[in-house]
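As written, the chains take the letters A, B, C and D, and residue 1 is the first residue of each chain.
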Amino acid sequence: MVFLQLFVNGLQLGAIYALTAVGFSLIFGSTKIFHVAHGSAFAISGYIYWWLASKLNVPWPVATLAAVVAAAAFGLFMERFIYRPIQRHEASFFTVFIAAFGVQLFIQNLIGTVAGRGMETVTTPLSRSIEVVDGLFIAPIAAISIAVAILVFTALSYFLGRTHIGIAMRALSENPDLVRVFGLDPGRVAQYAFAIGSAVVVPGAIFTAMTAGLNPAIGTHVMLVSLAATIVGGIGSVRGAACGGMLLGLAENLAYWKLDPQWSEAVTFIVLFAFIIFRPSGFFGSSTIAK
Amino acid sequence: MTTYIINLAILIGINAILAVTLNFILGYAGIFSLAHAIFFGIGAYTAAIAAMKFGADFAVATAAGMVISGVISLALALPALRVRGEYFVAASLGLQMLAVTVFSEWKSVTGGIGGLIGIPPARLFGFDVSEPVLFLGLTIACLAVILIIIRALVRSSFGRSLKAIRDDETAASALGKNVALLKTLAVMVSSSFAAVAGSLFTFYLSFINVESFVLEVSVQIIAMVIIGGTATLLGPVIGAVIVLLLPALLTYLPYLPPTEIGSIQQMIYGLAMVLLMIFRPSGLWGYGSDSQKRGEP
Amino acid sequence: MLKSRIAAAIVGSLMCLGAAGGASAQDTIKIGANLPMSGPNAELGEIFSRAAGVAVKHINADKMLSKPVELAIEDSQATPQGGVVAMNKLVSVTKVPYVLSAYTAVSKAIAPIGDRAKVVSINGGAVGPDLAELGDYFWNVIPLVNFEAEVLIPFVVKEKGLKNIVLIFVDDPLGEAVQKVLRAEVPKAGGQLVGELQVQRATQQFASIAANVRQLKPDAIYIASFGTQVNQIIKQLRDNGVTQQLMSYSAMSTPSIAELPEAKGAWYTTQSADFSASALGQRVAKEYKEVSGKDANAYVANYYNAIMVFGILAQQLEKAGKPITGTNLLEQRRASPTFELVGGKMTFQQNGTVSAPVQIREIDGTGPGKLIK
Amino acid sequence: MSGEILFQADNISKTFGGLKAVDNVSFALRAGIVTTLVGPNGAGKTTLFNAMTGHLVPDQGAVTFLGKSILGLPRWKVARLGIGRTFQDLKLFSHMTVLENVTTATESGSWLWQTGGRASKAARIERIERALAATQLQRRRDTRAVDLSYAERKFLSIARIMASGARLWLLDEPASGLDRSSYDRFLTVLRNEVTSGVTICIIEHNLDIVQSISDRIAFLDQGKLLAEGDPKTILSDPALAAIYFGERA
């Protein structure tokens, strides 16, 4: 029964991880930009939602919409005003990395100054779990987050599989020249990637705000996990990132079954390390970058 | 006042060693490690234990740290041989996180988050060098020696081979270069010199705990290298000076609301990073703004 | 040439470091505060510095000293290195005789510096027991956690009859200290420590910890962590079907926990910081609310008291015509170890720790919550 | 004009996901001559090179150099045996100077220093200077490879293989895109090398180049070796010409 409980918890957390990882993976896949400031999009949208929903009591759909807009706007801003200028000089991988990290640092402290440095939660009955079978507690939000995750992924894979721009994005991750064939300039595609990739973190952010709670530093942790999930799933593969996030969420929680709690975080990165050594291409990734 | 400057200078020196050693693999061998703080830590812990348990001399403690760090660095070399680019970055990240867990859980050795307290003052060949001025001298000496060695290495055939691998691994191997061995050697050299910084840090603070060897530290070291300029000898040193001096200077900003001062400093620091990368991506000491693909994974 | 300009800039900035140091005017008495002002632990740093600010205001308003007191705040970022840099600056640039400290790891790192420079560091936030052994110049104005647990456990086990206790503790000196105390106290009180769950500082997900807690079927859960993690533990325990009594030490006295609905009914210990009891207390509580908009809690009392201890000692030194140095402050404290502060009388022991009356409160959503013992 | 057999491939095959890139090819390279691999795009010429230099391991077949099997050896070992190659996309060390590019080619030792002491050092320097002189890159020795002209880059890749002291050169379209004069220079360089005992195998499209340098021609199409022989017979074979110019017979 414990196992089942941990499994359910794992699914819930995994859904959130998957939702954040997918954004990172989408952006990286189609722009080859290692967007370490991805966590900031998460933090920003989470705090926007919290501020609107629990401070100003705005109805949740409006708050959610605002959060989506904020996240997308942040993504576009990064692409347009940070990454593009840097890449004008054939920037090295780490130039981008440091710039993104600088942004992350800025946002984190800005949030701290504006919203305070404590933990903020959006109180909702949804996060209260009910004993469905004896010993097995499930919160409505668990079901909701899993459902939403599935929804987002179906929408996303439709978008990537059917729409013109979506196909272009996939093409871009295969090889940039292909996109010109589509008569699209990579810049546009990149903007879409950033807008959409950043927007999909919103559900994860909101669910986190309702369950674990937000704090200004949350972006870093999110970034680490989505990075790990992306690698485990295979860089550039949305499906992979989703499974990767799920796997990490499950691993982190199932670790409690036999291991002492303090090792659960490490498990994530053991999984990551193992994957890189033994299966660099991840679940679905094409091992182009891996040697 | 002078003591403050001296103390700051010591910290800068220690970080400069870290930046220079990281630059050796990052700038010259194209190995992008997010795990440099691990070897800083291993050096620090080894030196601390050597000094506390066996009353070891600075030189001995440092040597011990270098050896152990060099051996453990094989864990980093392994992924460096299997994968490249973002994959390796992620691998080193994973390693960094694991190391932090080990540092904080292996309490019998590292003292966990409580850390190791009461590390004896540094002695070198029987002389007490814990006096700030003397210790600064020691730090600068270490930095100088490491700079000289790295300069020699970079200009040697070894250095050329590394650069060749950085620029094109396939061509390098087609010219008979044993890429695996070369990379492993590079990582070992870099890691064992990083341990020197760790040893200095230990004797300087006389208290260490895991918080000084976490991911943020690794990132800060990278920042030093990139801001200073990769694959240049002095770039990383400049980077270290700037990265440590900037916050120190910011603390002199007048009229900041006291409760916000920390955040505002951090914001300015973050902003500075971004602007530098936008307007001088090749680093302050790098080759002007000419396009350099070096560092591209 | 850019490179030369960089070099020039660096030299210049070093000089201005020097200048700024030299310029530190002596028409005020400067005392230092080495607190986490940025990063995940900054919420507490904010509380600490504001409380200290109130005390400084009082000292100056009441003309306790010949010159006005000025508080120099440095950011320790709650890390040893940050703390050491800040401490060095306070000691050798700002040249303060007295420094506020917080956080066990930081305190451990800065204590040697204070000891060498004969500068008093006083801690009002960290409660790790090993802070009692950091030398003459390191004082604690907060009762260390062992005092608190020794009061709470008998109350819970004997009076409330909650026999089976589960401990959730963070893997740092504080958590381990609590673990040690509970292992001793719980059986002594006739209870049983049915589970010990260790968590990492970085951990943010506790749903599965909750699952384990439920398995252990305790009567009460003791939470030994600090910062936002305490909030997360409380919320996620409640969210995940843990209905038993929650309890902790003074870390539970942050406003964000007071506002956390899930925390309602939780018990926590703190040295008696009953602001309503004395006129002084009321004055502090009122003015703190003005600057922060929040209700005063135990930490406010601690850091207010920390500054007040300085004020009183410095006053006595001035009367005696002695200069205000760390050494003299230490002497003076040993000469007159008892102070009238927020929360009543407080007496320093020889090792620089205080024994203050400890009280138990229950969180009821209104500031520090209601006093239950 | 047929020296001892230097390199031998015995019915090697390589398939990529169903597609047979090299299909059961056998052929030999004789010392001291220029053998050219010709054939339409996708004939498997480069794949064959990769199989010969250990850049990929054939699914089946044997590869021997000087009578010893080199099958499955890591690239760097193959290279140290004396098989050097150039690449279609040159693969220069872009951020290193011309001199560094050539120098590092002479240094295959993996240690912090090069073994062999003074004598070998002198020999290396001599090789470096010879390579620079032959390719007329002395004046550019301190220029970074990225900053060279196209022709200069081509010559640098030749200088590199020359300095490496390989005795069998596999050149992947080395002359493509060269203007007349530099192309002539290029031919003389090769000729001199051959006379000084180097064996060369070239992938080339341009038929008059093929004509002017080849001693032997191997014709590949769709991974199969259709014919091997002296230039006249091969180039005058109408069937092959037909295939080469794309009208499938």
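Here, contacts are C-beta pairs under 8 Å (C-beta built on N, C-alpha and C of every residue); 3 or more make two chains touch, one makes a residue touch a chain.
All values reported here derive from a predicted model rather than from experimental measurement.
Trainee: Hey, which chain ends up farthest from chain C, C-alpha centres compared?
Mentor: Most distant chain from chain C: D.
Trainee: Could you please state the distance in Å, as a whole number, between where the Cα atoms of chain B are centred and where those of chain D are centred?
Mentor: 43
Trainee: Nearest whole angstrom, what separates the Cα centre of chain A from the Cα centre of chain C?
Mentor: 36
Trainee: Averaging over Cα atoms per chain, report the distance between chain B and chain C in Å.
Mentor: So the centroids are 33 Å from each other.
Trainee: Would you kindly tell me how far, in whole Å, the mean C-alpha position of chain B lies from that of chain A?
Mentor: 30
Trainee: Specify, in ascending order, the residues of chain B that touch 2 or more different other chains.
Mentor: 101, 105, 260, 262-263, 266, 292-294
Trainee: Of all residues in chain D, which are in touch with two or more distinct other chains?
Mentor: none
Trainee: Residues of chain C that contact two or more other chains, please.
Mentor: Correct list: 38-39, 42, 46, 171, 200.
Trainee: Name the shape of the chain contact graph, picking from line, ring, star, complete and other.
Mentor: Per interface graph, the chains form some other shape.
Trainee: If I apply the definition of touch given earlier, which pairs of chains qualify?
Mentor: Every pair of chains in contact is listed here: A-B, A-C, B-C, B-D.
Trainee: Using the touch definition from the top, list the residues of chain B that touch chain C in their complex.
Mentor: 1-5, 7-8, 11, 101, 104-105, 112-115, 117, 205-209, 211-212, 238, 241-242, 245, 248-249, 251-252, 258-263, 265-266, 284-285, 288
Trainee: What part of chain B is in contact with chain A in the complex they form?
Mentor: 26, 32, 78-79, 82-91, 93-95, 97-98, 101, 105, 169, 215, 219, 222-223, 225-227, 230, 260, 262-264, 266-267, 269-274, 276-278, 281-282, 289, 291-297
Trainee: Which positions of chain C touch chain B when the two form their complex?
Mentor: 2-3, 6, 10, 13-14, 16-18, 20-22, 36-39, 42, 45-46, 49-50, 53, 71, 73-75, 77, 79-81, 84-86, 88-89, 91-93, 104-105, 108-109, 112, 128, 130, 171-173, 176, 200-201
Trainee: In the complex of these two chains, what residues of chain C are touching chain A?
Mentor: 38-43, 46, 171, 197-200, 202-209, 211-212, 214-215, 228, 231-232, 235-236, 238-241, 254-256, 260-261
Trainee: In their complex, what parts of chain B are in touch with chain D?
Mentor: The touching residues are 153, 156-158, 160-161, 163-164, 166-168, 170-179, 181-182, 185, 231, 292-294.
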